[in-house]
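Per-chain numbering from 1; labels A, B, C and D assigned in written order.
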Amino acid sequence: MTRLLEVKGLTKRFGGVVAVNDLNFHVDDGEILGLMGPNGAGKTTAFNLIMGDYKPDAGQISFKGQDLGPLQTYERVKLGIARTYQIPRPYHDLPVIEDLRISTVPDSITRCLRGKKRNIEEVEQIGIGVGLKDRLMKYPHELSLGDLRRVELAKSIATDPKLIMLDEIFAGLTVHEINELTELLMEKKKAGLVFIVVSHDLKALAAVIDRAVVIQFGHLIAEGTYEEIAHDKKVKKAYFGM
Amino acid sequence: MVNWITSVKSFRWWLVAIVVMMVLPFIVPPSFLRICIMANFMAIFAMSWDMMSGYTGYVSFGHPFLIGLAGYVSAMLSHQGGFQPPHIVLPLYVTMPLGIAAAVGGGMLFFLPSMRVRGPYFSLISLAFLMILSRIMIAAGAMTGGDRGLTSLPYLVTGAVNNYWLSTGIMFAVAIGLWLVARSDVGHVLKAIRMDEDVVESSGLSTYRFKRFAFILSAITAGIGGVFYTHYMGSISPAGAFDYIFLLNIIVSTVVGGMGTILGPIFGGYFITFFTESTRTLLEGAWRFMAYSLVALAIVYFRPGGFYGIVHDIAAWFRAKRRGGLQYDQVT
Amino acid sequence: MLALAQSIAINGALLSGLYALISLGFTMIYGVGRVLNLAHAAYVMLGGYVYFYCLQVVGIPEPLSMLIAIAVCAGASLATYVGLVRRYMSNPTIVFVSTFILALVINYLVVLIWGMETKNVWPVVAGVTQFMGQTISNNLLCTLIVSWVCISGVLLFVRKTHMGRAMRALAMDRKGAIVSGINPDRVNLLTWTIAGALAGIAGIFFGSYTYLVPSMWHMPMVMSFAIVIIGGLGSIEGTLIASHIVGYMQTTTTLAIDERLRGVFALIIMIIVLVVRPKGLFGK
Amino acid sequence: MAFLEVKDLEVYYGKACAISNVSFSIDEGKCVGIIGSNGAGKTTLLDSILGITNWRGEIIFNGNSLRKLPPREIVKRKVGYAPERGSIFPGMSVKDNLLVGAYLNRSNIDKNLANVFELFPRLEERQGQQADTLSGGERQMLALGRAFMLEPKLVMLDEPTLGLAPIVIGHISEAVKSLKKTGFTILIAEQNASFTIEHAEMIHILERGAITASGTAEELGKEEYIREAYFGT
């Protein structure tokens, strides 16, 4: 298996608070990695560091062997990393299909000027693929939280990535919605996509992940399969204080 | 082949507008045409502002900087007065492109770095550049004529009818050009930037690249408007080019017409110009500006979407009623 | 040379104090409501004109004229918030554009009532004082003292009173303020009123420092922008320091370089600060 | 008559339903815990009680309906709230932070300050310090302290243990215990089940905006699915 993403010694401080502290983990090709930890453990900060939204105070992130340090967010996306937002951030004035289409627009003025909406079928397929078939013409304020999460997922898929980072994608969804999303992830995994799934909730990920890393106070405390970490003493202590 | 050429249908309103404008000189007096000329220029300035600020949400208070810079450069190079230091007087077909280039170049040099900062910060910087340029133009009196500016500049064409054709032609050329860009995915991305810039970045698009493009288009448009306007008026002065009321006119034209629409600013430019001109006989000086400012304020306050928004809402309501639901081509 | 330096030192202190007075209200409004009020400098002009009118046209005694001027500005500011801004608090762009138009409305209101020609305001205090070999008018000294009394008053208010703390609290953490029982709307009402009153005081002295003319708000508007940006939007202490940077720079430019370039250097510094450190020198 | 009674509460953000049909009550002097995961609607629930959201249904506090009341009126009725992540005023000193908490209760400031400092001696040591220099635990203490400056009849704690080290959670736990002893009525919203069951006499499980189970710690511990999901056994 090849290393896809490697995070080494990642550290980020905000004022007096260390959000991510000397964090090390990696993702291999063909797997779904769970990035877990109680709320406030630094998971989202780690995501933002990988995406380039913040600059790390120390440490290195490499993707497909390439150092991401000097790259802007959009360059990282073009390399094949995509993310979803924990709180969905749709464009409030655009219907779903137009929202998704932004992710397929080429990052080049000349190519944008040539030909309009030729990517509409492709976008429609992605939308249908995440189960938004009859909601493509709806505006964000008409959608439920579950649907907005689907839009987030579809947007990340539309950038044609290799690795997708899902931030708390199951939070607040019904059991039925969770099952549907799980199926979808499995399907995409077969198609060759790699996922990092962030969740504070160990249980929800049991069916999805191949391997998990658990962080607390921005630091890695356990790593292994779901079974292994579920019985890890440190993890239990982190979650339940026992 | 590109689709937009095949879709003649979407050009039908342009054709109507062009036909109306072509008939106009034969049925109205020159005094009316002179108002139309001013309206054409205001429409160009408003479209320029809209391309940058209306689309991306970066509210520029510095557009007179671009317009004035273009006008001044062309004016200084083509001026025939014997002021110091002596310099070569160039023909208009050289100075006008140079003026436009100055607007783009000066804008790139000053405005583009400012687009790193967002929201009100950008607006303040652009206003600061406007103030600085205005001060420098006054201080460098030997070159620029100082407070009084430059007068008796060469005209491109003379007479109301000729100037009408010229300004109308430029206005339509600019409008159709910008409209095509705005309809393309570029316009789409720019609107998305206005709504949430970070999310656009995480869709793998360089927002800076798109903002820069919008800015350059805006600067070219401002430059074109600036040089033609200067050589239509035959004079340029700090009081005219850098006055707040001029800036207000540009912004209000766009807001009244509808921000982020290209069509709106044309309507807004005409509305504002005819409004100020028609009140000229009714109200004296300050009263007129007062009334105008109050109307502008009322429109911004009660209808931030402008006329375009109103028309759009009504049309969408009718169509939705007829077809019982939104169709794809209506929501974009 | 020494005389020039002394002159710069004294005049700089005066101008800085006035600028601080104007910018303070501007930055307070941003702090509590996250909106910029572009009409703020127009109140300064309004204050100057109302004072002039009451004192020199109607003949109302000086202290009463001052009170009227301050009250008119406070009222104008409050009315701006209630009538124009409150509805669009969540849309800074509209507030930005509409308050800018409002500034022009006030501008033409002044033109309509008092005309275009310049007017000289009687000095608030007559006579001159010799200081460091310079002759300073008592009026300017009074301006300096009043500025600092007001500034100290505002600082004491926001630090030592419940309402002042509520203002700062709202600026820092909206939800924390609300769960403490602070009513954001009331704090905004008060802040706009205080800001208007400060602008009125500044207007009285600004008018007698220079003269009255309907375009006199342009420079204070842009300068107070520059000041709050250099100081960091919403930071009161930063605003005070930045007022002195800008005030002294402007005085130096006017007295030692070229009167026509006044303001240019302050603006250039503002631009550099913004591009290098977008949150201002003292902003968080 | 319950001290706080929430009946058929519903909250919508646009068309998305955040809280549906939530009913529960607290008796005076008791402690109730709401356990739920991220996004379950805990904060929305507490916000609604304080009047920050638009809700439907009925909330009765101390015999009076809170319908249509603005937050400050509810705070006036002595509802203290420590928002999540120890939300504090970063640019103010610790003491000033506490004084903001006394905004609507200015009669016994000195006594209340002394009480807070007794509860959290750490805050007394640092009272002159700027609040953004505090650690996560100290911030949480400050947020709690600020709520106590009101002399509240009901205290609502939103995730008081979020992101805190076990030893710091211990300090917070001590504080909550001494509050209970003093007779405060407490509502805790938490993900941390063990912290909640330590203090709460009654626990409600909140999932996707609805209460899915209620009972004492022992009662809930008997249900396997809840035990697995929240108690970690």
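Following the convention adopted for this analysis, a residue touches a chain if its C-beta (ideal position, glycine included) is under 8 Å from a C-beta of that chain, and two chains touch if they have at least 3 such contacts.
Owing to the predicted nature of the structure, the values given are computational and were not obtained by experimental measurement.
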Centre-of-Cα separation between subunit D and subunit C, whole angstrom: 42
Chain centre separation in whole Å, for subunit D relative to subunit A (CA means): 31
Residues of subunit D engaged with two or more neighbouring chains: 90
Chain-level touch network, classified as line, ring, star, complete or other: ring
Pairs of chains satisfying the touch condition: A-B, A-D, B-C, C-D
Subunit B to subunit C touching residues, read off their complex: 57, 59, 61, 113-114, 116-117, 119-121, 123-125, 127-129, 131-132, 135-136, 138-139, 244-245, 248, 251-252, 255, 285-287, 289-290, 293-294, 296-297, 300-301, 304
Subunit B residues touching subunit A - in the complex, by the definition given at the top: 2-4, 180-181, 183-186, 188-189, 191-192, 195-196, 198-207, 209-210, 213, 325-328, 331-332
Residues of subunit C touching subunit B in the complex: 36, 84, 87-88, 91-94, 96-98, 100-102, 104-105, 108-109, 111-112, 218, 222, 225-226, 229, 233, 258, 260-264, 267-268, 270-271, 274-275, 278
Residues of subunit A touching subunit B in the complex: 51, 53, 72-75, 77-78, 82-83, 85, 89, 91-95, 97-98, 101-103, 105-107, 109, 112-118, 137, 155, 158-159
Residues of subunit A that touch subunit D when the two form their complex: 15-17, 38-41, 141-145, 148, 168, 171-174, 200-201, 203, 217, 236-237, 239-242
